[in-house]
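Before anything else, here's the structure in question.
By letter and in written order, the chains are A, B, C and D; residue numbering begins at 1 in each of them.
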Amino acid sequence: EQVGSDFDALIAADQRIEPRDAMPDEYRQTLIRQIAQHAHSEIIGMQPEGNWITRAPSLRRKAILIAKVQDEAGHGLYLYSAAETLGVDRAELLDRLHEGKQKYSSIFNYPTLTWADCGAIGWLVDGAAIMNQVPLCRCSYGPYARAMIRVCKEESFHQRQGFEILWNLMRGTEAQQAMAQDAADRWWWPALMMFGPPDSGEAAKGGHTAQSMAWGIKRFSNDDLRQKFVDMMVPQAEKLGIVLPDPQLRWNAERGHYDFGPIDWDEFWRVLRGDGACNAERITQRRRAHEEGAWVREAANAHAAKQAAKQKESAA
Amino acid sequence: EQVGSDFDALIAADQRIEPRDAMPDEYRQTLIRQIAQHAHSEIIGMQPEGNWITRAPSLRRKAILIAKVQDEAGHGLYLYSAAETLGVDRAELLDRLHEGKQKYSSIFNYPTLTWADCGAIGWLVDGAAIMNQVPLCRCSYGPYARAMIRVCKEESFHQRQGFEILWNLMRGTEAQQAMAQDAADRWWWPALMMFGPPDSGEAAKGGHTAQSMAWGIKRFSNDDLRQKFVDMMVPQAEKLGIVLPDPQLRWNAERGHYDFGPIDWDEFWRVLRGDGACNAERITQRRRAHEEGAWVREAANAHAAKQAAKQKESAA
Amino acid sequence: MAAHPSSAAYVLGLADDAMVYAQRLGEWMTNAPQLEEDMALGNIALDLLGQARALYPHVGSLDGTGRSEDDFAMLRDERDWRNVHLVEQERGDFGQEMARLLWFSTYQRELYAALLGSSDPVLSGVAGKALKEVRYHGDHAALWVVRLGDGTEESHRRMQAGLDGVLPYLPELFFDDDASVAAAAAGIGVRPSSLHETVTSQVAAVCEEATLDLLAPSWRARGGRAGIHSKPMGYLLAEMQHIARSHPGATW
Amino acid sequence: MAAHPSSAAYVLGLADDAMVYAQRLGEWMTNAPQLEEDMALGNIALDLLGQARALYPHVGSLDGTGRSEDDFAMLRDERDWRNVHLVEQERGDFGQEMARLLWFSTYQRELYAALLGSSDPVLSGVAGKALKEVRYHGDHAALWVVRLGDGTEESHRRMQAGLDGVLPYLPELFFDDDASVAAAAAGIGVRPSSLHETVTSQVAAVCEEATLDLLAPSWRARGGRAGIHSKPMGYLLAEMQHIARSHPGATW
């Protein structure tokens, strides 16, 4: 049929699909699911660091942290808007999040125990996010690709800030150095898990990878991205003076990559299933904020309706 | 009539009136009002210090403080029980407190700003309370007098603990000494106000003093008690190394007492009227605890009723 | 610069107001009724934090101690803070926050407008930059007060309660303490009482549009400018300062 | 005494559990449903605080650092605390507290009963004294769980919710971490898992009388014994340590 072949032609030509274009329903649904999950991750991702706004150890750090959490809210907004171009609205997506019907990145189910965790999140988690997201700037769906361009620019800024937090700690007191190393110890493996299950082997789960690749939504495999991330982070860790918690981590001249040890996929699936340190806490806080704000959103709607009615009256 | 003359005879002989004895209604009402106010003061008085339980600077101090606040709850219990012998129950008295129909000591409407305030409350506020309360151990109403004997014993213990807190601070760092002096500066005048308005002069308010004296409820005038308090505290302040915030404070050899400066009775009446730093806060917290606990008290009653019904059934 | 202790006390009051309110507003992030408000309240918190950071080093220079922004924020005991009680009160519901924000930002707008003429160039500079910010804060608050006041029955009730709740804290905002009287006499500052009428009439206009009543308080808070604070302040400082206090001498 | 780091870690876990729960229970004073409960919960807090104070210096001796009770309580960072998550959770309603108290004091009763036979004389001494205390705590909690479970419709619902709420925190209480395994092997301590069955059956008996259900949790907390805590812990420490941290080197 015509619709399918226009779409296929655009994809084949590596052109952007726009909201007005016809697209297969599966493509639409895949994108809605992925963009929503991405948006949810941004707003749930505000919590682990938001938790430290009132306790940041200096005013400069407090200001940077507030701005960062604000950026994450902004990313959430861009992404919900991108999802809305596919015919689903933000309120509905939030409901799905609150009811546990849609997921967010499992990394945010780990706790932020010390100030250094704000550094580790910036450095490792935002670092991994960028690695995942840069290819999305060339995603076949236009609004998503454009949102990602804005997001990536800010994320790389956040990654540098995270690096700087750790840099200062590693040049601080003994307690500060220990705090930075401890944070890296706890966040390294979960950051590697952010690229998703391996492409092959026992832990691989038949996902949507092949189809997403064909549609130009996904550009690299999980394992390729993970390897790129490791290769990028090892030299940065050396610069920081942080020892990454993997005794098998070493340069493999033959492959031209760093080798690294096995990932605990049992932990990954357990946390994804809901049995992580903070799953319950994150969703509870989200729901509470949403419920406590219901009367405010209703009032805004009611007021807007009253204003519209008045305008209509005075126009009549 | 017979009732009146029995009562008068007991009072004249300085004997105790007991719950079974007939007594004039005014005597009963005066006592209910006074004992209730006293009980309310104990439980509202838990708040200024209770506020520091989670923040006490050492575990030893934390333990002493918890025990003290617990004692205050206990004093409240004795006193409500004493009031109940006059035919009014605790729940009703608490309602009157919560509705603002009965008062508590105005001293508890001042804030506890630093740890040293826990010392100043023990030393000055409990010191003034003891001065007021010791004569009540000989009060004509038996249950009240007996409750006061227990209360006074514990209060003098608290007073020594307060003194000890300040003693340690005055022998501590410069910041600790400043903290102790500042607390004394803020609590001295309010403590003097605890004895009530002056017996004569412009600020005197025609109270129930004469009648209460005749009935053997009150034994000393406000000004007499205040003078005794000042005479007792000045040497203690010297021992602590604390300067009391009254430039007119000096020994008067002729009177055999310390002279002291004028009290700001406008402030006293203002705070009593409800316009003090903590009036709203204290009563709000009391009400909230009471309301939040309503379901618990109801459940306890319902359970007791069920148990009673079962026992009756099995007895039948 | 030579030490000017009385101007220092005045400027410290302004800085502490901004700092403490920034701390409270920061608590809204991840707790706001919608994402746009997480961003807006974060933005306002950032502006206020920026004002405090611009003012603190100036206080350290005026009082001759040379203290840094973090010396003031992270290492000062409760009795040395000079903010009004309004800003230290615990975060309430969104209506209460909008009531507080409306009053505080309208006050700050008039304050900074007056301080443009300060003989202290740092203060007039900060005022110039801050004025644009607080205009936006006031507009944002007014928008919500009107929406909530003239929204649903529930929102009207809550917004009225929010307005009633801040009443006891307003007299302190307009109280002429010694430091502000001295600062006004020296041409550095303004008497808070001189802002009272304009601020009140501006808030009253918003309330009228919002179909809300502006009542008189039954008691009033006192003492913030003298370091006498209300119960929430100690807990706020404990949370804010804990990490910094736990690592004496560290830089971050 | 020579340093015994692995026993030290075990005893520190016991001490931190008692300390943190004492801190939480202390919050009830002036907030309880009736005066008798202000007193009872204060009493339990005092007992637990006493246990912690008896154990901390012993830890300081076992680990060779000679640290005092206040070194442990007031100057330790979050990552160094070894308590379970159960005790650090925020104060909920009275039903939630009674659920937590029932589990925790039943656990402590079995724990201290077993520790009577510890080869560490300090530990067996503390256990002997504490056993009487925690029996009372457990009885008090059981009394309330039954009253609330078999009281009104509302109290039944709330008490059930309270019991459900603590479920995720129980596996950690009975988890055999390295320190407890080593302590048990050395005859100093007991494996927490060995207490699980008895404690559960005792709690189950109370629940049955209270007409309440004991369900299975959908997730479980982990990591307290390794210093990985939940969100409320940092705020608890900020409040508890702020004054002590603000006056380095001071005695009180």
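In this section, a contact is a pair of C-beta atoms (placed from the backbone, for glycine too) under 8 Å apart; a residue touches a chain by one contact, two chains touch by 3 or more.
Quick caveat, the model's predicted, so the values are computed rather than measured.
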Neighbours of chain C that also touch chain A are D
Work out which chains are contact partners of both chain B and chain C. D
For the interfaces B-D and A-D, which has the higher count of C-beta pairs in contact? B-D
Based on CA centres, what chain would you say lies at the far end from chain A? B
Distance from the CA centroid of chain A to that of chain B, rounded to the nearest Å? 59
Taking each chain's centre as its mean C-alpha position, how far apart are chain A and chain D in Å? 37
Distance between chain centroids, defined by C-alpha means - chain C, chain D (Å): 41
Going by the contact rule already set, what residues in chain C reach two or more other chains? 77, 234, 238-239, 242
Where chain B touches two or more other chains at once, the residues are 55, 175
Please classify the inter-chain touch graph. Allowed labels: line, ring, star, complete, other. other
Chains that touch, pairwise: A-C, A-D, B-C, B-D, C-D
What does chain B use to touch chain D in their complex? 43, 46-47, 50, 53-63, 66-67, 69-70, 73-74, 76-77, 80, 115, 165, 168-169, 172-173, 175-176, 285, 288-290, 292-300, 302-303, 306
Touching chain A in the complex, chain C uses residues 23, 26-27, 29-39, 42-43, 45-46, 49-50, 52-53, 56, 69-70, 73-74, 93-95, 144, 146-148, 150-152, 154-155, 158, 239-240, 242-244, 247, 249-252
Complex interface listing, chain D residues touching chain C: 77, 234-235, 237-239, 241-242, 245-246, 248
Can you tell me which positions in chain D touch chain A when the two form their complex? 77-79, 168, 218-223, 228-231, 234, 238
Where on chain A does chain D make contact in their complex? 51, 55, 111, 113-114, 175, 179, 182, 186, 274-281
